[in-house]
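Single-structure report; data block below.
Going in written order, the chains are labelled A, B, C, D, E and F, and every chain counts its residues from 1.
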């Protein structure tokens, strides 16, 4: 078992993917922002009427997917070909669920892009609502599925999203 | 109760802080990365010998604190004066705890900087270990404390970190 | 009459503002995107129902205001304290008018921030509608008003916006 | 007629271009900066002798072409293979015309890169001359030609540049 | 003797400057690019006639000064108030000398900004001439002078620039 | 002999590489940071025990390789596939040697990426040690080897590194 981001002497490196073939790849990441019932209602109501917290969060997440190699030191720069971010308001559990799908035809996977987009969308929800609810919690950010590439398919058996 | 990042017609905006005085501010954010016991061990062992997952994650988090206004749409650009990131390996619960303290003398708070640094440090841990553990979960990212500014002190009563 | 961004030998430089006092400053820039009547209608309809071209354009403009010193070589880095972007759909002239207000307490003005935000909001409108209308024209990007600083108030006598 | 940057529920997205073939593409964008005759003369004179407004504007435009996906939310990250920016001083109409050609072999077009480079070059001209002329107007930024890709060739019938 | 960018346990950090007063600061950095006599001549000739290697290098250096905190992990974000870059062509020693002056009124010094601007200007000279001279060497990048702040004045006794 | 970054009229441009085939390319750049014997010892000791100047410098250099097209105006944006940075402490000559290898399969070379990574790693060493040694000198940054592409192999005959 080896951490590939280090060489044999333990020095951090950007792993060499020069020899890997171009394949179609997809990664799906999820995460949730827990908040007070009033905050959930505020997000929901404004979405219907005028303000749009989730619209702004979606834009920030899509832009962050493109910034991933600027943020995560050992990530390869990639030309991702698609990003979709979905939100689901779960009033019972008083949380907003986030799901991001990223696609590419490339030499390496897009898990980090999907996870980064999800995290930044969550942070933006926090920022836009923090005036009314500082206790929000960002949780359960994880990889749900991954397709393509040598390591093959990954599918998490269960998550706490519907 | 109002979302200040929207005006009366629901249009997103960067809130005007021109009139706010410069005050000393501090924010502390925390978060955790849950992983397999083998992954925890790998991080711990390499830290002692050669590779250093947490060292790289710390650098990425400090750099991300400075990139916060580039990532979070309505965040004000700020000249933060201090960032400290601490990691605590909790083998019992098989997780790495992250704690970030950000300071500034400015017109607005640094909660988003502390939360963003924590999130990016967590994402970097994921990236550096994902070759051996794709099921890691980033959770409980939250504001622990906040000082300075008109809204005064905030202190979360309890968290799941020691 | 002198171009201050060059020294006496004609070399480009970032003008020294070290000695200038901190004063309250504001700049208002405007601009318009001309398009086909059908495109105007599409923007208007989707705004009411589901899609929101202007919402995305507003976020991009606000973020671009913060990136101004990264884009315009001789611009000073600044911590702007407020950005507001307004859109007005003018069906008669088949155009969308953009108006951006930027504020700061600083040593130099924020004209470039207001003009850059306006330009990037216009470019985003183009991007989001180009699948249906490649002939859109971005025009009349200009400074409308400016307050604060040694050079005093500037107010354009007339513009083609209402 | 559909805005492709939104899905069927009106949510903004980065359109999926994973399945599109790599083809050679080119986009040409133009724009103009109107200014006082004295400002035109200042630009022209200094270009001959020492200062070089247009040289700085050209560098800023080329760099901005590369930053397009950082600025325009739904733009795909692209590895453009060529950027050329030309200026033409039109003393009769007291304006500087800008023309940008961008090329790539890729899955999506480079219209936004050409338009963004043109806009930022225009903004830089404004910045470098604003000490002597705050009334400059940036106008007629538009796509002139486009080649390659499924939507085929686009050629604007006329523009106000020579 | 202590490396201030590490705490007592050896963890990297952004040093806390919250308590330091705002003072006027200046840093001067220098560096040289050694090249073949033909390359020197090419730079010199084109500067007189049409192409302008040093003009492009100057713009890149000024922009890099502003990007310093994005590049150097423990650097504080700063609003520098002035950047000047000078080139001196030394035909005898077949090198181009670079000198950068950066100023600020702030809580911390601008040495890194001056050194980064100098390095990036040198790299740009390399890039623009590498088609004719791959053997160029960038050397003697160093701090020449520094003023302001608690650590007081620093002045290097001699350098190999005139 | 021609500077390819300028067209026939001397205007700077990003050279058109659209027609060039994708080939495997590699570039190796080196550089050195000269410092006081005490500073060398401090770096060496902390590396063994707790602080890790070179670990932070390595991360900054790898990240800078990815930022090269943002910094060097005429550089093409590239998706580099590998970055490795090595340090060698030379106590005799009281310097730290840096060696960077960058790889890609692309239409243009990665010399600038290797040189930029080396320069930024050197600047980070300076930054982290400047509290104890302001007189450090960054020198002999140069291309050591280059493979792939039309211009073929380049190999510097000698350097002052072991």
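In this section, a contact is a pair of C-beta atoms (placed from the backbone, for glycine too) under 8 Å apart; a residue touches a chain by one contact, two chains touch by 3 or more.
Quick caveat: nothing in here was measured; it's all calculated off a predicted structure.
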{"item": "Target subunit F, source subunit C, minimum contact steps", "value": "2"}
{"item": "Most distant chain from subunit E, judged by the mean position of its C-alpha atoms", "value": "A"}
{"item": "Geometric centre distance via CA averages, subunit D-subunit B, whole Å", "value": "38"}
{"item": "Cα-centroid distance, subunit C relative to subunit D, in whole angstrom", "value": "16"}
{"item": "Intercentroid distance (Cα basis), subunit D paired with subunit A, Å", "value": "32"}
{"item": "In subunit D, residues with contacts to at least two other chains", "value": "11-12, 52, 55-56, 59-60, 63, 67, 70, 73-74, 78-79"}
{"item": "Pairs of chains, among all present, that meet the touch criterion", "value": "A-B, A-C, A-D, A-F, B-C, B-E, B-F, C-D, C-E, D-E, D-F, E-F"}
{"item": "Residues of subunit F that touch subunit B when the two form their complex", "value": "52, 55-56, 59-60, 63"}
{"item": "Parts of subunit E lying in touch with subunit C, wherever the complex brings them together", "value": "24, 55, 58-59, 62-63, 65-67, 78-86, 103-105"}
{"item": "Residue numbers on subunit D that touch subunit A, as the complex places them", "value": "7, 11-18, 69-70, 73-74, 76-79, 106-107"}
{"item": "Subunit D - residues contacting subunit C, complex", "value": "1-6, 9-12, 31, 38, 42, 46, 49-53, 56, 59-60, 63-64, 67, 70-75, 111-112, 115-116, 119-120, 122-124, 126-132, 134-143, 146, 154, 156"}
